[in-house]
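What follows is a single structure, and I will ask about it in a moment.
A, B, C and D label the chains in the order they appear, each numbered from 1.
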Amino acid sequence: MDNENRVILNVGGIRHETYMHVLKKIPATRLSRLTPNLANYDPVLNEYFFDRHPGVFSMILNYYRTGRLHYPTNVCGPLFEEELEFWGLDANQVEPCCWMVYTQHRDTQATLAVIESLDLDGDPPTQEEIAKKFGWEDDYHSDTLSRWQQIKPRVWALFDEPWSIFYRMHEVETSGYTNYKKAIGADKPYTIAHPYFFFIDLICNIWFTIELVIRSIFCPSFHRFVRSPLTIIDIFCTSAFYVELILHTILIQTGSLVTIDFLSMICVLRLFKLTQHFSGLKILIQTFKASAQELILLVFFVILAIVIFAALVYYAERSQQNQHNQFSSIGVGLWWSLITISTVGFGDMVPKTYLGMVVGSLCALMGVLTIALPVPVIVSNFSNLYSHAQARAKLPKKRRRVLQA
Amino acid sequence: MDNENRVILNVGGIRHETYMHVLKKIPATRLSRLTPNLANYDPVLNEYFFDRHPGVFSMILNYYRTGRLHYPTNVCGPLFEEELEFWGLDANQVEPCCWMVYTQHRDTQATLAVIESLDLDGDPPTQEEIAKKFGWEDDYHSDTLSRWQQIKPRVWALFDEPWSIFYRMHEVETSGYTNYKKAIGADKPYTIAHPYFFFIDLICNIWFTIELVIRSIFCPSFHRFVRSPLTIIDIFCTSAFYVELILHTILIQTGSLVTIDFLSMICVLRLFKLTQHFSGLKILIQTFKASAQELILLVFFVILAIVIFAALVYYAERSQQNQHNQFSSIGVGLWWSLITISTVGFGDMVPKTYLGMVVGSLCALMGVLTIALPVPVIVSNFSNLYSHAQARAKLPKKRRRVLQA
Amino acid sequence: MDNENRVILNVGGIRHETYMHVLKKIPATRLSRLTPNLANYDPVLNEYFFDRHPGVFSMILNYYRTGRLHYPTNVCGPLFEEELEFWGLDANQVEPCCWMVYTQHRDTQATLAVIESLDLDGDPPTQEEIAKKFGWEDDYHSDTLSRWQQIKPRVWALFDEPWSIFYRMHEVETSGYTNYKKAIGADKPYTIAHPYFFFIDLICNIWFTIELVIRSIFCPSFHRFVRSPLTIIDIFCTSAFYVELILHTILIQTGSLVTIDFLSMICVLRLFKLTQHFSGLKILIQTFKASAQELILLVFFVILAIVIFAALVYYAERSQQNQHNQFSSIGVGLWWSLITISTVGFGDMVPKTYLGMVVGSLCALMGVLTIALPVPVIVSNFSNLYSHAQARAKLPKKRRRVLQA
Amino acid sequence: MDNENRVILNVGGIRHETYMHVLKKIPATRLSRLTPNLANYDPVLNEYFFDRHPGVFSMILNYYRTGRLHYPTNVCGPLFEEELEFWGLDANQVEPCCWMVYTQHRDTQATLAVIESLDLDGDPPTQEEIAKKFGWEDDYHSDTLSRWQQIKPRVWALFDEPWSIFYRMHEVETSGYTNYKKAIGADKPYTIAHPYFFFIDLICNIWFTIELVIRSIFCPSFHRFVRSPLTIIDIFCTSAFYVELILHTILIQTGSLVTIDFLSMICVLRLFKLTQHFSGLKILIQTFKASAQELILLVFFVILAIVIFAALVYYAERSQQNQHNQFSSIGVGLWWSLITISTVGFGDMVPKTYLGMVVGSLCALMGVLTIALPVPVIVSNFSNLYSHAQARAKLPKKRRRVLQA
């Protein structure tokens, strides 16, 4: 009787055996619907043949037997999921003890998608890709690109492709001009630059203006171009020069010049333009995007810790009469506690009372933990992205296709 | 003769063979009691059939053969333990070389239990869960909830559920009032606040008092409510205001005010209330609970190191005559050695003698090791909890049930 | 012809097939000596039966096929080595790509041996263990322990077992006295202590002397007792008091007192006595022993780096005329470069010239790397020891024995 | 019909089954070309026999079935690649989810090659190896080495082998002389050394000159010897002495002496000679070579961050009128931001304005991330090299050869 109930499943040549009632445990799956009428039933050997991975099937059959879906660790996650799909099982039914295995390869796939999107290899785009970028796919495929449609991408490429002369020139100008402005600013603070410097400034900014105009005409999408952070910085910095020029003409030098100096702080961000074709930085930026949640956690921990320690040290230093008390407000206490927590410890403000020292000691120790806890999560995100990018760089771009027989 | 003794064990379709005397090695287990009278004995094929995982059985049979229980690393720990249980073996008999594998999945299960208890997803509780919380399970199931029993949870929810208006108001008040007090305290130290500020203080504290009274009436368990740390802080901070008020009325302003200022330090802890519905912080607190032993180890190492280095630097600085000796006592030496060991290094106290510099150098190097050694254990506890919580968030809450055929 | 040469090896029920000439490749092993005359040859099925692990055998047969011994990663190392031993193969013949797997489990076994030797559970020793410790094994087994031999261990236990009252008293005295001396020393430097303090000192030291005498009489081995570092510190500190006493009686107070103060630095090490029964510290000490090579590497890297940077910063600061040059010698340069490399950065000495700043920048960056490189190796040694100790604590002490049939 | 199409593949005794059309999916491979005419076809059992690893074959057959090549994780990478090669498949066709597994063992092989090249065990070279080094392989094999060819390697060995007396002497001289020069320089800056010191200098440098001449005559390749960095330092340092000597004779002491002092900075690098036979340092240098890309990334991140923060803090500190502004130029801002980012924090320059403090806080926090991100990649390179070197040291040098039957 017991033997009547037995089923032999020949999976890729390996014969697995179980009872029919076991296969009925998970309804609406491939195995629960087995009948001798199926094409893969062999009446001679009394077995069902499936052309699948035999080793992985042990785990799948075990799900039927025990009602618990565990992931095998000797095969790749996606391979197991492919098998689960074939057998009509839901990959989400995985047991809690295998959650990590399950999510690890999900994360790997997310990482791979990110790397793919980063376009790290820097091959020049094909004609088709260019047409797609400009939104002329239909015209490209019907070979009806107008003269303008043929010239526009070429001019744009001159200003945008990292190997073109104008692009390189723009980079050199940007970094040169930014550093030159900084040097001028540094040597002669609070004064109008020498007339000679003024003309250099004027020429550079006129060139930047022309460049901006050309780029805005030949860009693939004006809408997207104008909203890009780098364009905004460019427009801001160039117009800042004209505003300054006008103000100087109208007003005589006043303290309000300081505010303009402050505006020029933002122009330093122009340097970010130099880095957009550097793959390491792309990965860094992607890491920060992927670790947004952990960064918020880090900032949250740090803010919570510095607010508490700032208040504690402020009251602690006031608890005892001392003339050298440097903690005049909770505001500077925040600065002190952040500098202590990050273990920088400038020493410009130091607690002088015993109670303050106890607070400082706790702050230094908590700092080690507060920062040490979320950082490894971010670091592992970076390492993960970086090592996958490195791994991909070692493999051939094109892969042989397998025939779909 | 030898062949007579042979046993064929058909486990899930795969045939394992061994000698009968091997199976007798571990007495009182399923395999040591095999007889041809069993229902799963097949006299035609001369084999015993077991509907279990065939791959894992290799490891189990190997335990009989060699007398050593090793864990396989290609399947999940709980799966192997399930098999061990079926075969009547004790999971604790594992060999020392596999201890880590064994405890790792035990730890995983402990971690999962912790995450389950944290209630990170924040779904609103069902009627049943609410009744359970208030201890009215019997009444709920018999549908005999009095009017008061129906109103009480609703009022409580208004003050306790993170999405209710009163709860949010309470949060805003708490943070606003704490920061306002700090600002006042910071700007005008040692003086009575302006009458205008006094009325704000008064109104806020009256509101806090009313809130406390309402919460104490409608709470599920008065006993547990009163003993909760957050309630204690609330009561303390509110009563501190009234005490201060009375003291001001009776006494004229004296130096004793400073002690009240010091008391208000504790009110900063009110800010912790804001964080009780933030999952990152819940994980952090859980990490510190789970890492209690490692934290003690860290604190113990640090105390041992700072006591020794404080004494060493104190004597070292006295060994040579120098007027600028800043190490006037071992007490301040403790502060210096902790600040050096944590690599903060404020620089307010620095050894001036060569011997003191040698002590300082050793202290800086030891610091790197003393702190670097236990921190990774705590960090890995945090990462473990955090990544499991992240993994769980990606999976569906409800899982399909497997029929128990 | 080809089929004639085929061999079927039934290993634990799984049939492996290969050619006879393949098995001859590695001479003088169990498989190279196969003949049909063996007891485990089955002429009906034309196969050889071996009652061993079938999965692992794939890897062993692969060694014969390809001439390369790879370790499987789905089973525990020792399990594989047991199989290798059965088949007469040498575990050292492993391929370079599997060296890490091979040494990892060797290291695990070394770690386990270390943990076993640490005696972390602290069970009280049995009568037999005590007799063994005192070297009276023969007398114990022949039951001829003299009265003295029976009393001696009991008295010793009073002073040595961590739960006895004398032991605890000794701990309290040691820490109390050390801290008291430090406090006295700290408050009244360079002066003779008050007569009242002198009598406390005298009584304490007389008690320490008596204790030392008792311990030296009742210790299991006088030779080993006297050479133990903790005894040496005890003798040194106690005698230091008497020496000081005599010197004070003979001499009037001179500057030479400072040297005695310096000697008392070593007495701080007495605090180490308090830690000998704390398992965390035992593991820490063991870590430093096991990481001796890495610690030397760390110290070597640090010395190399600080010598080079000390010289560089010294010359760099002299390269430009500046009155505020704080780098008066290479000696203080060493202090500066160590403090910079360990990222403590006290700020008592700072380069003032541009060249010095460049050197300082390099020093700060190199510091991060120099220290970051060998530390993880030491940290992983600690984590390894610690987690194995934790794992062992969760398992039962006594294990069921498997019958050797 | 379906069954007609079935193929049985007996791989090492385990029977795998699939359909013939599946094997045709990947053309031009061993399995796609299967015909019954092959010698390994068994017409009785209707199967093809292959003497290969049966477990790994599951993964290979799965590639045919699903068109995706996944790596198994229970066997070593090179073992799988050997199998892929046998079956005529391309290891590069691996799926993205297995890239990491694929590159990990590629990296392991690269690491092993590096360790092999480092020659860490320090066995003395054989006669043949010496002949090869000097480029006299042909003469050595034909036994026609001239007298000069026999003497030259011996003299060279005296000066180059780490155990020879001249080599050790040279090491002692180098370190002694360098330290002596530093001590002299440190004690008497800006003055000509005492005549007594001058004669020591003269004798040392004459000996260094003689040594250099002998080494240049007996070196295996003059070309390679002269271009070696250590020889260049030697020549530079020795000639620097003579140049100094001549300048002193001609000129009277002027400020130009400072430049010579500056030159002697480079002579400190002579100390690197002492380290060329220390295996830990060899691994460190190799790590830096292998991590060149990551080091560039680190330096790039640091430069980008310090340039931005230097500019930000400079403008921030100018935004508010404050007399104590220490940020007089962006140049010193770079120094401050690097010292803050590396968490050294000397405290010689500290922002005084609120805006500057905000910039400083961001700089301290970014520093933790900027440096924490690329460092683990470098650290893992070091750990990898180091642990492989450690693993190799535990294994026997000579391995038993497997007969190639």
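By our rule, a contact is a pair of C-beta atoms (placed from the backbone, for glycine too) under 8 Å apart; a residue touches a chain by one contact, two chains touch by 3 or more.
Note that the coordinates shown come from a computational prediction; the quantities given were computed from them, not determined experimentally.
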item	value
Shared interface numbering between chain B and chain A [over half = same, under half = different]	different
Most distant chain from chain A by Cα centroid	C
Separation of chain A from chain C, taking each centre as the mean of its C-alpha atoms, in whole Å	42
Inter-chain centre distance, chain B versus chain C - centres from mean C-alpha coordinates, in Å	29
Per-residue overlap in chain C, given as positions that touch at least 2 other chains	14, 55, 73-74, 331, 343-347
Overall pattern in which the protein chains touch one another (line/ring/star/complete/other)	complete
Residues of chain B that touch chain D when the two form their complex	73-74, 343, 345-347
Chain D residues touching chain A - in the complex, by the definition given at the top	2-3, 6, 8-9, 14-19, 21-22, 24-27, 55, 58-59, 61-63, 65-68, 70-74, 90, 92-103, 106, 296-297, 300-301, 304, 307-308, 311-312, 314-316, 318-319, 328-331, 340, 343-347, 350, 354, 357, 360-361, 364-365, 367-369, 372-373, 376-377, 380
In the complex with chain A, residue positions of chain B that touch it	10, 12-14, 39-40, 42, 49, 51-55, 73-79, 82, 105, 108-109, 112, 182-183, 185-187, 189, 258, 261-262, 264-265, 268-269, 271, 275, 278, 280-281, 284, 287, 299, 302, 331-332, 335, 338-339, 342-348, 371, 375, 378-379, 382-383, 386-388, 390-392, 394-396, 399-400, 402-405
